[in-house]
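Presented sequentially are two complexes of chain A, the first with chain B as partner and the second with chain C.
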Partner chain A sequence: MSTKTASARPAKRLGREERLAYGAIFPATLLLIALLFAPALAVAVVALTDWQLGATTLHFVGLENFKALFADPVFWTALKNTFLYVLIVVPGTVVLGLIVALLIEASPRLRGFYRAVHFLPVMSTMSAMAIVWGTMLHPTIGLVNRVLASIGIAGPNWLRDEQTALLTLAVIGIWQGFGFAMVLFVSGLKSIPQELYDAAAIDGADSIFERLRTVTLPMLGPVMMFVIVLTACRCFEVFDSVSVLTQGGPNYASEVLLHRLYTESFNYLRTGYGAALTVIYLTIIVCLTLGQTRIMERRVHYT
Partner chain B sequence: MSKLSSISRKVPQILRHGILACTGLFALLPFIWMVSLSLKPQEDIFAADFHLWPSQFSGVENYTAAFVSAPMLHFLANGIFVCAAIFLVQLIVCVPCAYALAKLRFCGKDTLFAAVLVGILIPPQALAIPHFIMLYLFGILNTYASLIVPWMISAFGIFLLRQFFRSIPDETLQAARLDGLGEFEIIWRIMLPMSTPAIAAFGIFSVVAHWNDLFWPLIAVRDQEISTPALGILLFRDDETGQSLGPLMAGSVIIVTPLLLAFLAAQRRFIDGMASTAAK
Partner chain C sequence: MANIHLDTIAKGYGETAVLKGVSIDIRDGEFLTLIGPSGCGKSTLLRIIAGLETQDSGSIAVDGDIIDGKRPKERDVAMVFQSYALYPHYTIYDNIALPLRTRRLSNAQRFPLLGSLVPGRQTIEVGIRQEVGNVAEMLGISHLLDRKPGQLSGGQRQRVALGRAMVRHPKIFLMDEPLSNLDAKLRVQMRAEIVDLHRRLGVTFVYVTHDQAEAMTMSDRVAVMIGGDVLQIAPAEELYRNPDDIRVAEMIGSPKINVVARKHWRIGAPQFALPDSQIAFRPESATIAAPSGGMLEGNVAGIENLGADIFVKVELGDAGPMVVRRAPGERRLEIGESVSVITDAAHMLVFDAAGKRVRPVERIAA
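And now, the complex of A and B:
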């Protein structure tokens, strides 16, 4: 739409264009409100009531649900576990993804093959692969403990032991996600101009590690930030592996926020409580994403 | 001298392949283990010593057991139907809206775009309770509709398509208008064919997400009849036949394979699509 035609016949053209536009946006706007914004608002309202799924009565109870939530040790365990999970999976995914990306891009040999192999876990249905992991981690017939036994170590019951349950889930989380981090790092590596490496070579940065330190890693900064936040967001959403393998157990050792939310809202039908939990969950995710946008913007401005 | 340097040049290559083989094995191990177990009889799986290759081949029995005692093909068909329906509705709803945001002038445009950006921020799991209540009130829980309705709109889809539409020059649209094409014809016959990369990326993003999703089907669906693959395999595990590892692994192979085949057939598309939509 050029401005020329619009200014030549302003009133009529704009009227027609606006009518067209409203027709085009109507279904999407309606659904945005009905399926996104109204429900988001509803969660906040339900969090302030004592409502339970199926109940016909409803009372406003103010912040009672939040009080109950903060007084519930299981909530704090779930919150702590979720952050612990993030603190293990994010560094693991980033480091492994970065190493693989650097190695894959170092030479064209078998590049496509390696990329596909490392990306397979990203595409696989987690619920089915969690079942497979469950059998691999079986205390007696599982692959992991069979291998350990062959070198004389008696492996623990990985998913039933309070000490190892969350850690094991974190390894599965890294397995699922590091291929995706790799792909993002590869696209970051491709955008580093060759001239920078040439310049570094003139300055005497000959060895691989020198080039890595002076050019590659600094230039990967923004991608790194992006991968970290993206992985963190996915970690906060961890659900499938927990639900399939441990159900948060043993003794809440692997309980995480989203699984807690699911259990409280849909198994125990404590809807108000579940909604309060949802509000907390929503707040964390939104802060994380907004924080990322802030940092990204700053980088664009100052570098 | 030249021989020495060729060796020293080969060392990094060998190191590269060595490390990538290790990480690659880590990525592939569950798949190898899954296929290996799916071909073994129960005694073999529980035998004291482990061999990757079955001593006695019972692949046929295991896969037959999986197909017979659970509607595996039905799960896959459900997955295809639900994912296709979701993506189709998303396209029909999002394309015109993205076009209006990219190419038309109207009052409230900035507000709508801001709303779309906020919409991207909201994680879908956070809306599970109200979506559940809504579907309950409509009486359509535990139906195909309950798997599709909450996903009819994709704020991210609108955003992605709008960004792409903006890069299509106005002259193209102007020429189409001069040829007498209506605005909706322009959307579906000019904009859409010109936006294949964006549509493909959006499609891959949408289909992969909903094919693999467990959270929502677990909430909305109880019936095996309308289960998607991710939920179906869990129902199979709780089933009697699923207690035997051979058939359970065979079932997992059946559930996991279709998307992996699609990925291997169009690797570049998938990787680029997933990477470009990650900015969500």
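And now, the complex of A and C:
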């Protein structure tokens, strides 16, 4: 009885607070719905139709778009290429970013210089930089092949060769992303207490590899996780460099999901097909994000 | 077992000289405390002994062997840090075992995962397990071995840090303010444990602190450092009774020693005290007398009753405030009351204008 009367008033007040809370989150929720959920839902609906961009009529075709998609070898090539790209660029970015970060920490005087140089790729827009890369990689007058020729190596036509196109894009992806990874690693390295390195030196772990293994890498764990998550997300979204440099060619050797989606939807105006592709793409991204959140939550918190 | 000979160690960072030629002879098995105000170079000196920092000049010998060029792990020293510096990602067991593993296992045997397949590793690990177990037992942390440092209290982490230092039986123990992160009660307890540990291990301890209670209660001898110089090295009792420098006198003892310039003494100042000298005496070697009966005159400015002791603050006018200890039974004083202070020549310490101790000629001769 007494508990009931005691809880009655707070419950009423909570009700008012709740209304206030809902009121407060309303604008954000509205935006979230308008900008994220509604379009996603629309895409899912369009994926079930034969709608073409600009067309005035549409018919529901059920899962026909998905059937066509799964039967399309180009889709599977694009999917495979995207994963390959991720599998090259993520480790490449992490390793290169970490190495440069360690170098910067080791030579404090060069710090400012390094920072400017390596952070540059992140700041400049990819499409502009891609054009520069395109010139550099030109088979005959490009800088890369000229340098190779001067030491007696005949460089391939990097972006027009099935063997090298995706790999070249991956290298450009690493170049673009490692500066950011490096900056995160540098700040991670700074937060490692010197006393840990001192303790390691006294405990006998004083070679470069021992230090890395006993102190640096474990202490960088959380930052490392963050860098991997971010880089992986960015890699799944690879589009600009593909669009500017190879258009997915030659012979779909560098075709990736997002570029495929763009081509189908806006070049061939097969919007329904493109929407089905988008649904697949979103599914992958959502799975990735959920998986990452789970790992992030489970990771060790050092205190 | 080791004696350490520090010979005019100097160290500077850029323009600032941090150590200005420090020489100390630390005896075999001794517990030596370095005490001094913040920034006087205690940690720097300790890190130089450990090999974590290189001195600009001077040299260090352990048991007669110069160890200047040696790396920390070749010096057979162990160090306990203020923040304990435990590896947060290792279990307590692995933390304590690391110094043994780096020394006994080959690189191949220490390789992640595959290392356990390398022949010989199992036998060595069994030995390590035994020794870590012994150390954990001794420190009462056996039940914590599977935990990570983040799951331990400050006192427990402190014990783990001691365990990691002890496990390979080093000749020299270096400790940099190991108790300063603990609360007052635990600090007193750990103080006793460290002293006990020193007695049991019998090795040389160099202990850094800025807490004079730690210095006074734990050490065989105390080295007082100020501004990169060692002013005096002596047993705590000797530092208290017979300081060589006014800064030593002022650092040791609580409440602080009273210092009154020679010119304020109406009567009673020692004959050898020159006009520009300063005369110091401890609160417990003075008594309060009726006004104009004593050597110094003033008014009672404050009374602090600690139960067993009562500290009376007397304002001497130009000469500043000073403190006298009284027993509880004595007559009650009122704030503002005029009193005089008496002390006797045997308890007066005379320092010259530069702060150096001046002793009567006959005592030096004796």
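Basically, the second predicted complex is superposed on the first by the 268 of 303 C-alpha atoms of A that agree within 3 Å, B and C clash if a C-alpha of one lies under 4 Å from a C-alpha of the other, contacts with A are read in each partner's own complex, and residues count from 1 in each chain.
Throughout what follows, a residue touches a chain if its C-beta (ideal position, glycine included) is under 8 Å from a C-beta of that chain, and two chains touch if they have at least 3 such contacts.
Small disclaimer: the values here were computed from a predicted structure and weren't measured.
K.L.:
Sticking to the clash and touch definitions up top, decide whether chain B and chain C on chain A clash or fit.
P.N.:
fit
K.L.:
Where does A:A154 make contact in the superposed view: on chain B (first), on chain C (second), on both, or on neither?
P.N.:
neither
K.L.:
By the touch definition at the top of the document, which applies to A:L103: first (chain B), second (chain C), both, or neither?
P.N.:
Only chain B is touched by A:L103; chain C is not.
K.L.:
Touch test for A:D203: chain B only (first), chain C only (second), both, or neither?
P.N.:
The second partner, chain C, only.
K.L.:
On chain A, which partner's contacts cover more residues, chain B's or chain C's?
P.N.:
Touching more residues of chain A than the other partner does is B.
K.L.:
With the two complexes superposed on chain A, say which partner A:V286 touches: chain B (first), chain C (second), both, or neither.
P.N.:
Only chain B; A:V286 stays clear of chain C.
K.L.:
So in the superposed three-chain picture, is A:V43 touching just chain B, just chain C, both, or none of them (first/second/both/neither)?
P.N.:
Only chain B; A:V43 stays clear of chain C.
K.L.:
With both complexes overlaid on chain A, does A:E195 touch chain B (first), chain C (second), both or neither?
P.N.:
second
K.L.:
Working from the superposed arrangement, determine the closest approach of chain B to chain C, counting only CA atoms, in whole Å.
P.N.:
8
K.L.:
Indicate the residue numbers of chain A shared between its chain B interface and its chain C interface, in ascending order.
P.N.:
none
K.L.:
Would you pull the chain A residues touching chain B in the complex into a rising list?
P.N.:
Contacts found on chain A: 1-2, 6, 14, 17-18, 20-25, 27-29, 31-32, 35-40, 42-43, 46, 53, 96, 99-100, 103-104, 106-107, 109-110, 112, 114-129, 131-133, 135-136, 141, 143, 146, 175, 178-180, 183-184, 187, 208, 226, 230, 233, 237, 239-240, 243-244, 258, 261-262, 265-266, 271, 274-275, 278, 281-282, 285-286, 289-290.
K.L.:
Any idea which chain C residues touch chain A in the complex?
P.N.:
Result: residues 47, 50-52, 71-73, 77-79, 81-83, 85-89, 98-99, 102-103, 112, 148, 150, 164 of chain C touch chain A.
K.L.:
Which residues of chain A touch chain C once you look at their complex with the stated criterion?
P.N.:
193, 195-196, 198-206, 210, 213-215, 218-219, 221, 300-303
K.L.:
Would you tell me which residues of chain B are touching chain A in their complex?
P.N.:
12-13, 16-17, 19-20, 23-24, 26-31, 33-34, 37, 45-46, 50, 92-94, 96-97, 99-101, 103-107, 109, 112, 115-116, 119, 121-123, 125-134, 136, 149-150, 152-153, 155, 158, 170, 173-174, 183-184, 187, 208, 211-212, 214-215, 218-219, 229-231, 233-234, 237, 245, 248-249, 251-252, 255-256, 259-260, 263-264, 267, 270-271, 274-275, 278-279
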